[in-house]
Structure formats: structure tokens, C-alpha cells
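As written, the chain order gives the labels A, B, C and D, with residue 1 at the start of each chain.
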Amino acid sequence: MLYSPAPLHIPENFLSLAVSAACWVVTILTLSLAISKTNKSLGERQIPLMGIMAAFIFAAQMINFPVAGGTSGHLLGGVLAAVILGPWAGMLVMTAVIALQALLFQDGGLSVMGANILNMGLVTAAIGYGLYRLVSNRSRKVKLAAIGFAAWLSVLAGALFTSLQIWLSGNADLKIIVPVMLFIHALIGVGDALITVAAISFIMRTRPDLLGEESESAKGGQGWVWVGVAVTLLVVLLSPFASADPDGLERVATDLGFIGQAQLSPFQIIPDYTVPFLGQTALSTVIAGVIGAIVVGLVAYLIGRGVKAKSQAAGSK
Amino acid sequence: MPITHAENKFIAPRSECEGDVLQVRDLYFSYPDGHAALNGVSLNLCGGDKVALVGPNGAGKSTLMLHLNGILNGRGEIEIGGRRLTRDNLPVIRAMVGLVFQNPDDQLFSPTVFEDVAFGPLHMGLPEEEVRARVDAALEAVRMSSYRDRLSHHLSVGEKKRIAIATVLSMKPSLLVLDEPSAGLDPRARRTLINLLRELPITMLVSTHDMKLVQELFPRTIVMDEGKVVADGLTMEILDDEALLTAHGLEKP
Amino acid sequence: MPITHAENKFIAPRSECEGDVLQVRDLYFSYPDGHAALNGVSLNLCGGDKVALVGPNGAGKSTLMLHLNGILNGRGEIEIGGRRLTRDNLPVIRAMVGLVFQNPDDQLFSPTVFEDVAFGPLHMGLPEEEVRARVDAALEAVRMSSYRDRLSHHLSVGEKKRIAIATVLSMKPSLLVLDEPSAGLDPRARRTLINLLRELPITMLVSTHDMKLVQELFPRTIVMDEGKVVADGLTMEILDDEALLTAHGLEKP
Amino acid sequence: MHFDAFDRYHEKDSRLHRLDPRVKAVITIACILSNALLPDGAWIAFLFAFIFLLALNVVSRLGIAYTLKRSLIALPFALIAFSVLFSTPGNPLSMFHFLMWDFTITDAGLLRFVSILIRSWLSVQMAILLVAVTRFPDLVHALAHLRVPPILTTIIAFLYRYLFVLTDEVFRLLRARESRSAASAAQRSGGGVLWRAKVAGDMAGQLFLRSYERSDRIYNAMLSRGYAGHMYTLNPHEMKPGDYFAAAFAVAFIFIIQILGRF
């Protein structure tokens, strides 16, 4: 195997157009925020640094350790990147890695890249940095424990988001995909957590300045604590619910109007939209999907604004 | 006259013994991209031999060395200390052959010197007492005992090189294989290294581009080119053979 | 006799001219961690000079070179071509001093050879026509014209080294500063590099551990140790001064 | 060591290789979107999309089955979708019992499953073809022209350049660990799982430090060649009439496939 089999990569065309589009919108909105943030704080030194760090994450994913029976533990790197580079730069770096994997190795498709970036880059960075920030004044041991937990949880979160996206696309049965994915990734997450903790502790020993008060990684606002805790709670609450009571989740989704009964397209907000010639289902799905995506994006944006306002308030105190 | 050779026939090794430490017979190897890096290499090493392995870039020196403890697997036979190298006894062979890479940064992956030198013994499952004793002895041998708790990251190249040698000495190998140990050292560090290698009472095979090192340290030299052994003999004689040196892109020191 | 020196006094430069290409006067520099890497360096270079800079690991050679185009900023004076190096004329100075790092992988950061060689001229704000002309001329000078559209990461070390030199030649520097250009090259590639450097009609300052290269290529040698210039004179004379060489960890080739 | 194995570009001289990278990128994305838009069981359309692919393979001079062979690696991932076999309501085709569950394969489920696989498989092949006929730096240029933010394209360009340097470094580190992973005849060897994980983490930490310091050196190299916070590049690509024609042709073809998919 030449490079790490990162198991979360959703293959080409595996999500319905609507779900792909929704994920793209969320991803693009978050990334634009990340870009404007980094551009603002960007020292000119940052450009080569981020490029090399992306190559580092890519290469580090190939580092493994034998577990038992021919299996091995791997690093996935989302939390590692967020902790050493800070959240925004971490997101951009993970985005570059995921984009390159899709472009060069077909590891994850192009149409679903938005979802892959969301699951493996954005969510992981948010959880990782948020929880790290939460304990930033505490002892080394506590920090490492938080990072380890964050790394494990971030893998689980990625798996959960992936499962839900595939399910919302109508391409898998919730009863099967959620427990299977969560179980597998609970194990994979342990590998990621162990390597991440060891790597960070290595850096703390050899170059404490890179993680200290003055470093890039300390520059993320306190608002990240809220984001991190919120995503963490979402995952912690949703995972057992989704795996133990998938029927319940399905019913909730139906009640909320996410899922039609026989129809597999989510977002049936504008059910009767038809265009002659192209047929009813495809286009209406697309348009409904785009509208749904914009709504989701808007909500995400508003949440982001709220968090930002809060963090500024916290910062000015 | 050294035994020189252009074609692919078997070359009688110079050494009188039967190769009690290392025997390589007819080793062939191609990289996955199809490049044939070894084209029938045969050589013998006996207890106490100190042998230089020279040849131009791409001759196959590093490739050969990677075979000696089973990191690469070519066609042909390798025997270490009379034991045939197979997939099953690989871990045991690795304890017998200490391989030191050209760049010490490739060799040292732990944060402290101690952890790095202890990796081999720990992986062999030795008891803690024994591990500590071996680490101390290995650091003593390369005269770096005081560096025990230093971060390897901050050492100079010459210091790293010596630690890299200690990381394999701690496994008590019967054969030491060094890939270009003097590259990148300043003259002083190089001198220290030469003295260290001279004193180590171990069989060694050393690849290098440094013809002066060859002249000073090794009684016997093996010349490789294009994946073959093209000469194997007394260093003095090989270094006197102008035609041989020029033919294989080498220079007299 | 070269002018040798142990203490901290001023050392009269050997060169007869006034240093019309480079003048360094009393340069002091400490790294942020407090390590004093330069302790009052002074030297002059004149048009056409080819000068070797030697000294043990950690002598401060690389640190000095990083000062010559303002990447590091020590206390003291630096004049390039009669122009004082200040924060304001940094871009102009950087076009005049071509700095090549030891590891070509650090120097070649663009995906293709063309983009790398064009980086300097482009950032000087030259028009496209001129950029293309300069790239062609620079590649011609290192005899790598046919590599124009190759991907940098596919090249061998020797090739990378030559492209790295082209990346600064394209800026038409009046002073070429090379940090250990021959490290890691086999004798053949080293020979090619030596011929290339001999032919380039440019003032150059070259740091190296390769005393044979010094002997062959440079009429003048500067010896540094512990952040100071300890000798500056004719290479012949310096290489004959056993005491000087031993005191600073050097060896005769 | 050379891990050029990472390079997916295949040097050939073909019309497809010479096509403007922007056109290639856009056509690829359009084809992937078109596949996604095709309804389940649009066999004729799938067939035409496949023929289009084969034709492109031939034009690229890579051999008619080039992408076919390469795509097989990507297929196993597709099996995530197998559960739609049972979960889609429809007429039961076959039923079996596994452990404590009954599984019913429905016709609608089968149709959906096969359609998902085909769509994914066709799209993967398009992407494979794109990188086989476009050099990666050109692809990055194309992305820049297609309004991907410069900070991202720059990161990706650096990532690509140093991918090879750093993966080589990782392979050498792994090799060093392997060569010292010895056993003695008497003891159980290998150490505990936690210790092994720590060693892997140490290696990641090492790699990070070296990468970090390398980025410092690269920054110095950039500074000394006049970098002042902005990256400039020459635009090596210009659209030629042939490029517009190829784009128009592909769009027309995709349009036809879409129509065929709806009958």
C-alpha cells in the first residue's frame, strides 16, 4: 500500500446531488471564512509553512504501527493539524491534502469532495482545536488527554457525518451503516489518538515554543471552545442514538421533512417543480437541494457570526 | 593484481575463509519499476574483516546493503553466520546484522538518545536491566555516554552519526553494515569517526565515496558497478589500478 | 604567509582592491536562543574573485551567507557593489547577491524547472519577454536547457544542484554565494560541477568542507572558526600551514 | 529512493495531452455531474457515457482499457452501498437468513445498487483519465484560473512539490525502524502495542520538526529570490480554437447522454 487507506473518503457520485451540493455550500462558506481569517493574520512566512505542513500531514498518514493480526494503526491528522497550526490554517491544510488525494489518487471523489472536506477537515479541526483550547491553561497531562480524546472523537464524528450523508442520499440503510461505520472507526480512532498524542508530546518536549503562548496554535479565539464543545456534544448525543435507535432517527428525519417515504430525495420542500424535457425528479431534486443547502449554509454562517461576536466580546474583556 | 571483471561470471572472493560471517551468492534484484539494480552479486566476509564497498552513484551499493538484513528480497542466497536468510528467521537475522543508513536523520526517530539506542533491545524483548546495560555499553563504545538524555534533534551531524552507530551496537550485531558513514562530516568529525571505526572489534562492510577513508581504514575493497562486483581485492592493489578506477568513475585519493 | 589570527582584532583583507563587490565590516550576530554565531566578521571581495570559505561545523559560514542578502540582520556593516545594505534597498540587494543553499530541495520549491528559474526575475518585476530570455540564458549557462519543462522532483541530486544555480543566475547577480555545493555528489557529478563553476564569469564566495575542491578551484581562501575570520590568504599558502589547519579542524586535501 | 510512483501523469503526445488544462478540468467535472444526474437504470445513457470514455482513452493513446484497469482499485470502496439492496422497497427477488436477521433483496434495490456502482465507476474513470493526461502543475494552474482561491492553489502546489521529498523521508524512517525490529531467539519480541504506538508518534513528531525547519529554509530561499508576500507566475496557457471546439463537442455529447437517459 503506497499511502494510507484513509477509510472515510466517500467515493465518486456516492452522495445524491442535493447532499453533495449542501456539503459543498457548508464547506465553501467555512473555507471562505478560514481564508479571510488566515489572509488577515497571514505573515508572508505562512505560505511555504502551510504548504509543507500539508505535505507533512500527507506523509505522516503513511506512518503506521502494527497492532495485531496484520492490522495496523494510522494517523489521520485532522486534530494534529489543528493543534499545531491553529484551527483556520489547520482546515486549509487538511483541505489541500484531501483535494490532492482526490485529484491524484481518486481517493474520494471530486463531486463529493465538499463532503469529504467537511467530514475529515472541518469537523475534525473544530473538535480538535475546541477541546484543546478548552484546557489550554491546564497541565501537560490534561492537554494530552484532551487531544487524545479529541482525536478519537474526531474520527468518530467523521464516520457519523459520512454515514448520515450516505443515508440522506438514499444510498445505504441507516440501521446498517451507522453501527458498522461507528464500530470500525471507534477502533481506527484509537490509532489516530495514540499517534497524535505521542506526536504532540514529542513536539512539547523538543520545541515547546511551537505550542506555547506566542505560537500560531495559540491564536485561535476562545470562541473555538464553544464550537468544539457544540460539535462534540452533537456527536456524543447523536452517535448512540443513531446506532441504538436508527428507527427513531429516521422518524425524526421524516418528521422534520428531510426524508420522503418512497422518494429518496431529501429536501422535498418544493415538491412539484417541473421543467419540461428534463423530467421531474432530477431537476427538482437539484433545485430543492440547492435551496436546502443555502438554508443550511445560512444557518452555519449565522452560527459562525454569533460565535465570532461572542469571541470578540470575550476577547475585549 | 586484484581480480577484475567486466562480464557476468562468478568472481572468486579474495578472502581465504569460507565466509563464516556473510555469504552472498548470485543475488539479483529489480526495483518495482523494472530497474535491475543487482545483477548477480556474490561476496564473502569473514570474522574480523573490514571491507570497503565502492562504486559510482547508482552502482547498487545501498541496494545490496538493504538485502543484508532482509529489507529488500532479491533472488539468490544470503547466509549470515551460517544461517540462511529466510522470511522466518528475519527477526533473528536483524539482531545479527546492524545496518546504519547514510543519513543519521533516517536512523534516529525517537526524541532522546536513550530511547533511540534502546529501541532495538526493547524490541527484542530483553529485560529492562539488560536493556539499560546494553545502552550504556553502546554509548560507551561510541564515546557518547554523556549524551544519554539529550534530544537527538539538536545534535550536530557528527554526533548524530555516532549515535546512529550506537543504535545498532546495542543489538550486539555480529556484522556492522554502514552506508556512506563519512558523508557531510567536517574533517574533524570525519577523523573522530575513522578512529571509532578502527577501534570497533566487529566485522564491517562500509560503502563510501571517500577514497581517502578507504585507503586509511580498509585492508580489503570491493568495487561495484551496474549491479555487479567488478573487483574484489587488497585496497592497495585496487587503488593502484588506474584503468579500473577510471572505468568505474572513481578517483585515486 | 597568510594572515592568521587567534584573537578578536581586525584582519586586513588580503585582496588588493577595496572590496568593490562586497565589503563586510565588524559583523556580529546572535541567534534568538542567545548563541553568538558571528563575532566580528570582516572581509572584502573584488570583481572576479573566486573565494573559498572553510571552517569546521558550526563556524558560522552559513550564518554569514544568510547575512549577505539580508535574510539575517546582524550588527555591523555590509556593502554590496558600493551600496550599503539596509531594509529599504533589500530588493535591489537581493537581485545583486545570488544565494544558493546546500540542499537543492530547499531551493527548488516550484513544481517545474521553468517556474523555479523564472521565480527570481518575475519577482523583480521584469516583463514577460525578459523573464523568458533570462530563464533560457540561465539554463544555457548550466547546460540544462533541455530540462526546461521537467518536474523538479524527478531530477537527480547533481541535476538539481545545477538547476539551483540557474535559479539565481537568472537574476544576473554580481555576486554568487554557494553553501556547500559539492556535498553528496559522486566523483563524476562533482567534476561536472567544478567545471561549471570554473567557467562561470562571476564573483563567487563558496563555503565547503571539500578541501580538494578548494585546492582545485579557488585562488583565495578564507578560514572561519567560532564566528570569526581566522585566516584570509592565498589557498596555496593556507593549505601549507599545517598548524593553522589542525587548529581549526581542517585537513590537507 | 524515488517515489515517482505517486505521479499519475503519463507522458504521451496526444490531442488530449495538449488540450488546455482548464477545458479538461471543466469537461471532467461536467461528465461527473452528468453521471450523477442520470436516473437509475438509464442503461443506454450509461453505455454512451462508457463509449465516450473508451473513445477518450483511444484519443489519449493510453490504450483503450487504460482507465478500466486503473479504476478497479477504486471499486471496493463502492461496496459501502450494498445495504441499499435490502433497504429499498420493491418486489422481493430473493431472501436469505444471516445470523439473526432476514434479508430480502428487492428488484428496486438491485436496480439502485447497480446504478450507483456504474455511476461511480464511470466518474472515477473520468478523473483517472484527467490526471493521466494533465501534468499536475498544469492542473493547479487550471484550478487557479477557475477561481480557486490563490492561497489554496499555492498550498496545493507546495504540497505536490514536497510530497515526494517528505514521503521519501517517511519511507526511510519506516525502513530504519524495520531494520532494527529484531528478535532474539529466547524472548518474545515486539514490545507492547502502546510502546509501538508511541514510537510511531515519535516518528510523526520527528517528521513534523524536520518539515517545519525545512519550511524555514524554503522561506529563506524564496526571500533571497525577491519574494515579498506575493507569488507571481507566468500564465503558460492560452485557449486556442481547438480547445473551444473540444469543449463545445464535449458539452454537446453530455447533453445527448442526458436526453438518452430520460427515455
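Following the convention adopted for this analysis, a residue touches a chain if its C-beta (ideal position, glycine included) is under 8 Å from a C-beta of that chain, and two chains touch if they have at least 3 such contacts.
Keep in mind that what you see is a predicted model, and the values were worked out from it rather than measured.
Central chain (C-alpha centroid nearest the global protein C-alpha centroid): D. Between the Cα centres of chain A and chain C there is a gap of 47 Å.
Each chain gets a centre from the mean of its Cα atoms; for chain A and chain D, those two points are 19 Å apart.
The centroid of the Cα atoms in chain B and the matching centroid in chain D are 40 Å apart. Annotation for chain D: residues touching 2 or more other chains are 4-5, 136, 157-158, 160-163, 165, 169, 173, 190, 199, 202-203, 205-206, 209, 214, 218, 222, 227-228. Shared interface positions of chain C, defined as residues touching 2 or more other chains, are 109.
For chain A, the set of residues touching two or more other chains reads 48, 202, 206.
By the contact rule set out at the top, the touching chain pairs are A-B, A-D, B-C, B-D, C-D.
The touching residues of chain A, when paired with chain B in their complex, are 202, 205-206. Residue ranges on chain A touching chain D, taken from their complex, read 2-3, 9, 11-14, 16-17, 20, 31-32, 35, 38-39, 42, 44-45, 47-56, 58-60, 62-68, 73, 75, 80, 84, 92-93, 95-97, 99-100, 102-106, 109-111, 166, 170-173, 175-177, 191, 194-203, 206-207, 210, 262, 278-279, 281-282, 286.
Residue ranges of chain B in contact with chain A, taken from their complex: 111, 151, 153-154.
Residues of chain B that touch chain C in their complex: 56-57, 156-158, 183-189, 191, 209, 249-251.
Interface of chain D with chain B (complex): residues 2, 4-5, 169, 172-173, 175-185, 187-191, 195, 199, 202-203, 205-206, 209-210.
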